[in-house]
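Structure, as C-alpha cells:
The chains carry the letters A, B and C, assigned in the order they are written, with residues numbered from 1 in each.
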Amino acid sequence: MALLDVQNLGISFGGLRAVDDFHLQVKKGQLYGLIGPNGAGKTTVFNLLTGVYKPSEGIIRLDGEDITGRSNIEINKAGIARTFQNIRLFKDQTVLDNVKIGLHNRFHYNTFEGIFRLPRYRKIEKKMEEKAMELLEVFELEKEKDYLASNLPYGKQRKLEIARALATDPKLLLLDEPAAGMNPNETHELMETIRFIREKFDMTILLIEHDMKLVSGICEELTVLNFGSILCQGETEKVLQNPEVIKAYLGE
Amino acid sequence: MKKLRLSRQGRSDLITYGIILLLCLILFLIGQSSYQLQGLLVPVCAQIMLAVSLNLTVGILGELSLGHAGFMCIGTFMGASFSIYMEQFIPIPALRFFLALLIGALSAGIMGFLIGLPVLRLKGDYLAIVTLAFGEIIKNLINMVYLGYDSSGLHFSMNDTASLGLAEDGVVIIKGPQGVTGTPTDSNFGIGILLVLLTVFIVLNLVHSRDGRAIMAIRDNEIAAESVGIHITKYKLMAFTISAALAGLAGSFYAHNYNNIKASTNNFGYNMSIMILVFVVLGGIGSIRGSVIAATILYMLPEVLRFMSQYRMLVYAIVLIVMMLFTWSPKAQAWKAVQLAKCRKRLRPLTDRFRKKSSGHMTGEGE
Amino acid sequence: MRFLSYLISGISLGSVYAIIALGYTMVYGIAKMLNFAHGDVIMVGGFSAFTIISMLGMPPALGVLTAVLVCTALGVVIEKVAYRPLRNASSSLAVLITAIGVSYLLQNLALLIFGSSTKSFESVVNIPALKLADGQINITGETIVTIVTCVIVMVMLTLFINRTKAGQAMLAVSEDKGAAQLMGINVNGTIALTFAIGSALAAIAGVLLCSAYPTLSPTTGAMPGIKAFVAAVFGGIGSIPGALIGGLLLGIIETLGKAYISSQLSDVIVFGILIVVLVVKPTGILGRKIQEKV
C-alpha cells in the first residue's frame, strides 16, 4: 500500500482552477519528484498536502489514515513535514534552537517546570539538545549551532530547514525546490544529502524541483504538472522522454 | 562544548541580573540625595516590571500592544481593594501584601487571557488599536466602580456611593473617579528590587524554555511554526497572559505605595501604555536588559531634568526623537558600522593578542 | 425630536472625526505608519487660528488660512525630519515611537508658548443657527459648516485621487513603493504631498472642532486624534470612504451613547463597538484582506 495516497484532489481560487483532479501514490521509502513549468500548481499541491489550503475536493491518505481537511498542525503531527520554496527559518534564533523547535512536539515539560528549571526541565532539555545535535551533525551544521539562522550562508539555510523538518519525525518529507539558488557543486552535494537522508532515516521524500539534473539523478518516479493538472506520471526516464513533457518545458 | 554554551546563556542572564543590581544600587544612592527622588524608587521598580513584561508581548511574541496600562490598572485596583478589605482578617501585613500581589497578578492574567482569546488573531496595527481600546475601556469602567464594605460584607455599585447601601460602620474602598483610598503603604524599594528580579527571572527563563522557543518561532515565522506543529493561538495566549499577569503584579505593587490612587488618563490611560512601549523600543525590542535600563533612565530623566523646569518635557521629547533616529535609521546604523570598523582597525594590534583566547560567536537573546 | 437633534449633532461630531480620519487614513495608506502626532497637528491648527483671530484680532478667514498653511508646512517638516529617515528601518515600531516623540514635542511646545490654561476659542462661523420644527430642533451654524465642509473635502479628495496625476501617484506609491519608483514616480515627493494634505485636513478639522467645542489646550488634539484613528480602523484603514463611514458612525454612536446611556460610558461604547467590529471583520468595514503567500 502507498504511504501517501491522493485521489481526485482539487482546489479553486475564485474562478481559477489551480489544481484539478490530482492523484498521486508514493510508496514507502520512495524518492518521488513533482515537476512542471512555473505556475503549474506544484507548490499549491504541497500546500494542500500540508493543510495550508483546504482542498475543494479529493482525499488525502497518509499511511492509510484519512487526513483530508485537517489543519497544518494536525497534519504535521500525523507525519508530514516540509520545507519552503522561499526559505522560512526562525531567523532570529540560533541554528540549534531552530532544530529544537522542530522537536517541540516530541519532548514535553510544562511551563512551570520550564520557568523554575525543575529537574525535568534539565533532563528533557539535555535530551533535546542531544537529539538536535545529532541532526545537525548529519547536515554538518554542528559547528554553526550557535549562529543565528539568518547569518548562515544560503546553502546551509536550506539544509537547516530540512533538519528542522526531520526533527518533527515525519513519515513523509516534502521538499519545495531544495536546490533553488544553489550552484552546481552545492546541488550535487544536496543530491548526496537527500540520498543519505533517505538511507539514514528510512525516509519517504516527495520533492518539487526545476533542476533536471537533480530530478533525473535521484527521483525514481515523477509526476509532471501543467496548468494545474497532471500531464504525465511514471518512472523518471520514461516521463522525461515523453514528447508532451518536452513540449511543456521547451515550448513548440 | 555543551557546557560552554549553557554557561554562555547563563552568563548573559547573570550579566542582566548584575546590571539590575547595579542599577538598584545607583538608584538607592540617587534616592538619598533628595526626598523627591526617593519617592520615585518604588514607581521606578514598577516601571521596570512593566517594561520587561511588555517586552514579552512586543519583543518575544512580536505583537504590538497599546493596552498594557490597562492590565496594570486591574492589578492596582484588585490588589489595593484586597488589602483594604483584608486588613481586618489578615493581621500579618507581609502575608496580606504577598496575597495582594498574587491577586493583582492573577486578576490581570485572567483578564489578559479573556482579552487575548478573541483579539490575538488580529495582527499589527489592528491588534494595537484593539488593545488600546481595551485599555481605555478598563480605565473608564474602573472610574465608574464604587466598592465598599461593612459588617455584612462587600457592596458594589456602578452609580455612586449612596447606592452602595453601606451600614453606618461601612468603609468605602473605591469611590468612582476619586479612586481607591486607604491602601496600606506596604511597598518599599527592597521589595521592588525583589519583584523586578522575579519578573526578569520569569521572562528570561521562559524565553530559554520549550515554550519560549515556540513563542519566538511564531514571531519569526508563523507559517513555518505551524508547519512544525506549533499551536499558534496557544502560545500567543500564553505569552500575552503571562505578560498581563506580570503587569498586574507591577500594578498591585505600585498601588501599595500610595494611600490614594486614581485611574486617571496619565497613569493608566493609553498615555501610560505608550510610555511603557517607548521604554521597550528604546531599550531594544526583545532585549530584557535593555528594557530595564531604558525604563530606569527614561523614568528618572524628567526628574533629573527638573532644573530645566518647564523645558524638561520638551527636552525629553527631543531626546526621544533624536535617540530613535540615531538608533534605528538605516543611515545612522551604516555610519555607526563604519565608525566601529575604524575603531576595530585601530585596535587590531591589541585584539590580535587576545584572539587566541576568544572563541565561538555571539548568540541571540537579542542583545 | 430630541433624537433627531442628537443625531444631527452626532453627524456634526462625526464629520470632524471623518475629516481627521481622512488625513489619518491617507497617511497610513502611503507611509504604513500610525502617526500618533496627527492629533497634535489638529491642536496646532487650533492654536494658529486662535493666535490670528483672538490674539491679533484679524478676520476669521485669515485665521483659517493661517492654520492650514502652518499645519501643511508642519506636516511636511515632520515627515522629512522625523519619519523619512526611518522609512526603511528594520522595525516598524521605530517610526511609531518617533511619532510619539513628535507628539510630546508639539504638546510641550504649545504648553511653553500658550501655557496650560484652557483658552476659549472664538468660533470662526457666523452663520445663524437653523431652527426647525418650531424651534424644537436647533442646528447651529457650526454644525452646518462642519457637515458641508466634510462633504466638500470628501468630494474633492476623491476627485483629486481619481482624476489627477498626483492622486494616481499616491495610489501607486501606497500599493508598491519600489514599483512606483521604477515607473518614474517621485516617491519622496508623493509621500510629502500626502502628509501636506493630511495635515491641512487636520488644520481644518482643528478649527471646526474648536469652533463647535470652544475650548483649546495643548492636549486638545490627543483624544480626537485617537478617536479619528479608531474611526479610520473602524472603516478599514487606507480606505477613503471607509474613513468617512467610520468617522460618521463613531460620532453618532458617541453622541447617542452620551445622551441615552451614560456620558461616562460613551467612550466604553465606542471602543467596545470597535473591538466587536474588528473581531468579526478583522480589516474594518471596508478594508481589504491580504493573505500571505506560502
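Structure notes:
Simple rule for what comes next: contacts are C-beta pairs under 8 Å (C-beta built on N, C-alpha and C of every residue); 3 or more make two chains touch, one makes a residue touch a chain.
Model, not experiment: these values are computed from the prediction.
The innermost chain, defined by the distance from its C-alpha mean to the mean of all protein C-alpha atoms, is B. A centroid comparison over C-alpha atoms places A as the chain most distant from chain C.
Chain centres here are Cα means. That of chain B falls 31 Å from that of chain C. Spacing of chain A relative to chain C, judged by their CA centroids, is 49 angstrom. Look at where the CA atoms of chain A average out and do the same for chain B: the two points lie 41 Å apart. Chain contacts: chain B has residues 223 touching two or more partner chains.
Chain contacts: chain C has residues 294 touching two or more partner chains. Touching two or more other chains at once are residues 52, 84 of chain A. Residue ranges of chain B in contact with chain A, taken from their complex: 2, 5, 8, 201-202, 205-206, 209-214, 216-217, 219-221, 223-231, 238, 286, 360-361, 363-364, 366. Residues 28, 34, 36, 82, 85-86, 88-98, 100-102, 104-105, 108-109, 111-112, 226, 229-230, 233, 237, 264-265, 267-268, 271-272, 274-275, 278-279, 282-284, 292, 294 of chain C touch chain B in their complex.
On the side of chain B, the complex with chain C involves touching residues 58, 64, 118-119, 121-126, 128-130, 132-134, 136-137, 140-141, 143-144, 223, 270, 274, 277-278, 281-282, 285, 310-311, 313-314, 316-318, 320-321, 324-325, 327-332. Those residues of chain A that touch chain B in the shared complex are 50, 52, 71-73, 76-77, 81-82, 84, 88-94, 96-97, 100-102, 104-105, 107-109, 111, 114-117, 121, 124-125, 128-129, 145-148, 164-165, 167-168.
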